[in-house]
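Input: structures, listed below.
Both of the next two complexes hold chain A, though its partner changes from chain B to chain C.
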Partner chain A sequence: MISRNILLILILTIAALLRFYQLGHNPPELYVDEVSNGYNAYSILKTAMDEYGNFLPLTFRAFGDYNPALSVYLLVPAIVVFGLNEFAVRFPSALLGTLTVLLTYFLAKKLFEETKYKFSIAHISALLLAISPWHLQFSRYDHEANFMVFFVVLGTTLFLFSKNNYRVLVLSAISFAATLNTYQGAKIWVPVILMALVLIYKKQLLKWKLKLLIPALIVIVGAIPIVTNLQQSTIRARSAGIFEKEEPVKLFISGYLSHFSPNFLFVTPDNIGRHSIPGMGHLYIFELPLILAGIIFAIRSKTPHKKFLFAWLLLAPIPAALATPTPHALRSITFLPIFSILAAIGLVAIITARTSFKFKATLLAGLAIVAAYNMVTYFHLYYKHYPKLKAADWNDGHKEMVEYVDSIKDNYEVIAVSNYYGHPYIFVLFYSKYDPAAYHSQSQDKTKFDKFEFFGASWDKKVAGTALVVRPHWQKPDPPPKYIKEIYDTADTLVFRISEEE
Partner chain B sequence: MTVPADTYFLFGKSMDKSKLKRALVVFVLIVLFSFRLWQTTGCQKFKSFYLNPQAVTIKVEEDVGTDRGVDRNISRFFHNKYQSRFVLTVQSMTSMLDARLLTDVLGPLGVLAFAVSVYTTIKTKKILGILHFFIVFLAVLFATFTPYAKQGFYLWAVALYSFSLRSSKTIVKLPTWLILLLVVATFWYFSFSWQLESFCHDIFFN
Partner chain C sequence: MRYATLLILAIFIISKDLPMSDQCDRATAQTALPVRIFSETTIDGRDQPVLVTRFFHNKVTIMSSELGRCYFNFFDLNFVVNSASLFGLLPWLYFFYRIFLQIPKYPCILAIFIIPAVPLFIAFPQVAYLHKVFAIIGLVLWAKR
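Let's look at the complex of A and B:
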């Protein structure tokens, strides 16, 4: 028992180390959505209002997406403790990512409680999730989807433990209600997974009879922020969804299937730089034979939960398939932690297979070598290649630009910043720690606040005095202005040119 | 001689109801697969899964180039022709096991038949099934290591089709309405993916 707990603590330590190490520095800078979440949380902390001056909103307007609120509120304590910086913004995601590893242990243990290998499967599942490139990528990035994974795994684990405990069922409902308020995709994923749970465990549920109304009511209450802001809550779904595109059925089928592509899962990830490491899939190659073995052995196993395990696997791509582009690693994060659990079953099945010791030892040694090389290569790619190759995907250069501009802004009448890279105002607010109370009254016009102006293709000077102008590197006005600073990203690519103009 | 009530005659040969149903399933699968193969005759340029040896060299050079400031031996440990060849081979081979591609080639009923064949081969461990599966694997290898995309595709498709037929014994156990639904779905799927996008670059009847 003690050794099992020590093993679990060791796995959690690995999970935490991999999630918190250089958290504020790699990915190289905060992406615009992280900056927006961070500043809105800062604004809530200082004024109890979002950047637009809305009092404790149930959805955050941000850039017009009206994101669910919970993930922003969860940043507030981190900002209280660590201040408004990169580490604080990513801290909750890394913490919940680490806790998801712990929850996966309990989930896998519950799913295989009838088998004598439940502890082995649980430990290996947790370990594989702890080192999973897919889960690590989103645990080191403040994205609401990672919060959703935590709450869904929590809700599901509690549900499975609620067989004879009504209070645990209520806690599970609270968790699912919270999930609805984490991420846009949760609006689809929560009903889908709840439906699977209800259908598969209907006997277990029906014994609570009328008492079931309370958990149902809790989930409905969780949906209130969505229902009361239905028009706004569905803006993102309408822009990315398949229903307003041509041939939605075809898009759905091909999108659904694309998420089971071994190429997408193990070798070539999706095209969005923030979702994966170039040269790596979302899962390790060594997991491929383990997952296949896991599927076969899960089919043959006697666990009463195998229907649910496969339901999760087959339903997981639905939220991602209802939007474009596909395959999409972020929207299909709903797969986690199923692949880790399946790989763990596969490994345990190989270890316990009734075959010659020599054959098994050779197979496992080969697998261990490939796994070790796979992992070391992943860390090399993540820490050495990734910050250079994907600097542009992380808005690298904005922090240095704002810090420089902020240090000399008193010398200028006006500061003009190009909006070529998108929403520059939020970077200025975040990195200069601009007083949210002072910003609320200026928040409706995103083209200016205080001394700052934000421009598109070209900038025309409207006020007298010296101006500081920040342009993307390729924008070269004629005649050339007096350049005083150039801003480079981690890959040494020129991002901004800063000039002084009379 | 009295003939049992559930005995039928096909081409003069007597067979019971389940055998007849199985023969019909095999026939329908062959018709479906032949229809798909006929559609592919419109393809002028098949997608290649060939692993070009030059791609290996290019990948190593690109990766080593990114390792600016890293010790050359360390860089070479992570980026060498063996590692790159392995990754690119896996990439080519897994591309051929893509769920979307398999569905485009086999159709919904074919995918189910293929999955059932894999499952029963693993479960029963019959040598003939294993050999048949090995042929599919060889076809994948052939397509990965040959620059002839068309030949590679047809060899692989025929291997998949023949392997899928092994499942007929299990498929007949499904309710008839479900089999019929899957047949219709497969025809429908083949019709709406007439462009063969996942394995054909250029089709001449649109």
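Let's look at the complex of A and C:
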């Protein structure tokens, strides 16, 4: 028992180390959405209002996509403790990512409680999730989808543990209600997974009779922020969804199937730089034979939960398939932690298979060598290649630009910043820790606040006095202005040129 | 009635046009090799020991990854649908279910995994036909169930 607990603590330590090590530095800088969440949380902390001055909103307007609120509120304690910085903004995601590893242990143990290998499967599942490139990627930056994974795994685990305990069922309902307020995709994923749970475990549920109304009511209450802001809550779904595109059914089918592509999973990830590291898939290649063996073993096993295991596997790509582009690692994060559990089952199946010891030992030694090489390569690519290759995907250069501008802004009448890279105002607010109370009254016009102006293709001077102008590296006005600073990213690529103009 | 339905499904599977796919084989992998080695070793920089750079970025691993990409294209379910139609997907999956789970024939399983690798090394362009064959066998196994 003690050694089992020690093993679990060791796995959690690995999970925490991999999630917190250099958290504020790699990925190289905060992405614009992280900056927005961070500043809105800071605004809540200081004024109980979001950047627009809305009092404790149920959805955050941010850049007009009205994100669910829970993921912003969860940043507030981290900002209280660590201040408004990169580490604080990413801290909740890394913490919930680590806790998801713990929950996966309990989930896998519950799913296979009827077998004698439940502890082995649970430990291996947790370990595989702890080192999973897919889960690490999203645990190391502040994205709501990672919050959704935590709450769904929590809700599901509690649900499975609630067979004879009504209070645990209520807690599960609270967790699913919370999930609805984490991420846009949760609006689809929560009803889908709840429907699967209800259909598969209807006998277990029906015994609660009228008492079921309370958990149902809790989930409905959780949906109130969505229902009351339906028009705004569906803005993102309408812009990325397939329903307003040609041949939506065909798009859905091909999108759904694309998430089972071995290339997407193991070799070539999706095209979005923040979702994966170049040169590797979302899962390790050594997991492929384990997942296949796991599927076979799970189909043959007598666990009463296998229907649910496969329902999760088959339903997980639905939220991602309802939008474009596909395959999409972020929207299909709903797969986690099923692949880790299947791979763990596969490994246990191979270890316990009734074949010759020589064959098994050779197979496992081969797998261990590939696994070790896979992992070492992953860490090399993540810490050495990724910050250089994908600096632009992380808005690298914005922090240095704002810090420089902020240090000399008193010398200028106006500071003009190009909006070429998108939403420069939020970077200025975040990195200069601009007083949210002072910003609320200026928040409706995103082209200016205080001394700052934000411009598109070209900038025209409207105010007398010296101006500081921040342009993307390629924008070269004629005649050339007096450049006083150049800003480079981690890959030594020129991002901004800062000039003084009379 | 059952046989008539299966016959219609078989017609759909057989009559589906084969997909046009990009060339992806040993030749394309070899073309990618110098480019990838150059770009990956450049990122590593000169301050890193050569042995470490070679350990991570070498011909064996890059060729494996490039050939793996070509090989895995065969098992992409969208490629199956494009080769054997959507009606072929379920019998295709049923074929694999039977081969792996109900009547595991190890030489058969081995062949299924080896054959898609053949076009990587020798000209064998119509590998997509295999999906039609697997789907038809799946239909037959379903009919005999």
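Keep this in mind: the second predicted complex is superposed on the first by the 502 of 502 C-alpha atoms of A that agree within 3 Å, B and C clash if a C-alpha of one lies under 4 Å from a C-alpha of the other, contacts with A are read in each partner's own complex, and residues count from 1 in each chain.
The working rule: contacts are C-beta pairs under 8 Å (C-beta built on N, C-alpha and C of every residue); 3 or more make two chains touch, one makes a residue touch a chain.
The structure presented is a predicted model; accordingly, all values stated were derived computationally and were not measured.
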*Consider chain A as the common anchor and indicate whether chain B and chain C clash or fit when overlaid.*
clash
*asked:* In the overlaid three-chain picture, which partner chain does A:K211 touch, first (chain B) or second (chain C), both, or neither?
replied: neither
*Where does A:R4 make contact in the superposed view: on chain B (first), on chain C (second), on both, or on neither?*
neither
_After the superposition on A, what does A:R238 contact: first (chain B), second (chain C), both or neither?_
neither
*Which chain A residues contact chain B in one complex and chain C in the other?*
253-254, 257-258, 260-263, 266-268, 279, 285, 296, 299-300, 373, 376-377, 380-381, 384-385, 388-389
_For the complex, give me every residue of chain C touching chain A._
40, 43-44, 56, 61, 65, 68-69, 72-73, 75-78, 81, 86, 89, 100-101
*For the complex, which residues does chain A have touching chain C?*
253-254, 257-258, 260-263, 266-268, 279, 285, 296, 299-300, 373, 376-377, 380-381, 384-385, 388-389
_chain A residues within the chain B interface of the complex_ = 247, 250, 253-254, 257-264, 266-268, 279, 285, 288, 296, 299-300, 373, 376-377, 380-381, 384-385, 388-389
*In the complex, chain B residues that touch chain A*: 63, 66-68, 70, 74, 78, 83, 87, 90-91, 94-95, 97-101, 103, 119, 122-123, 189, 192-193
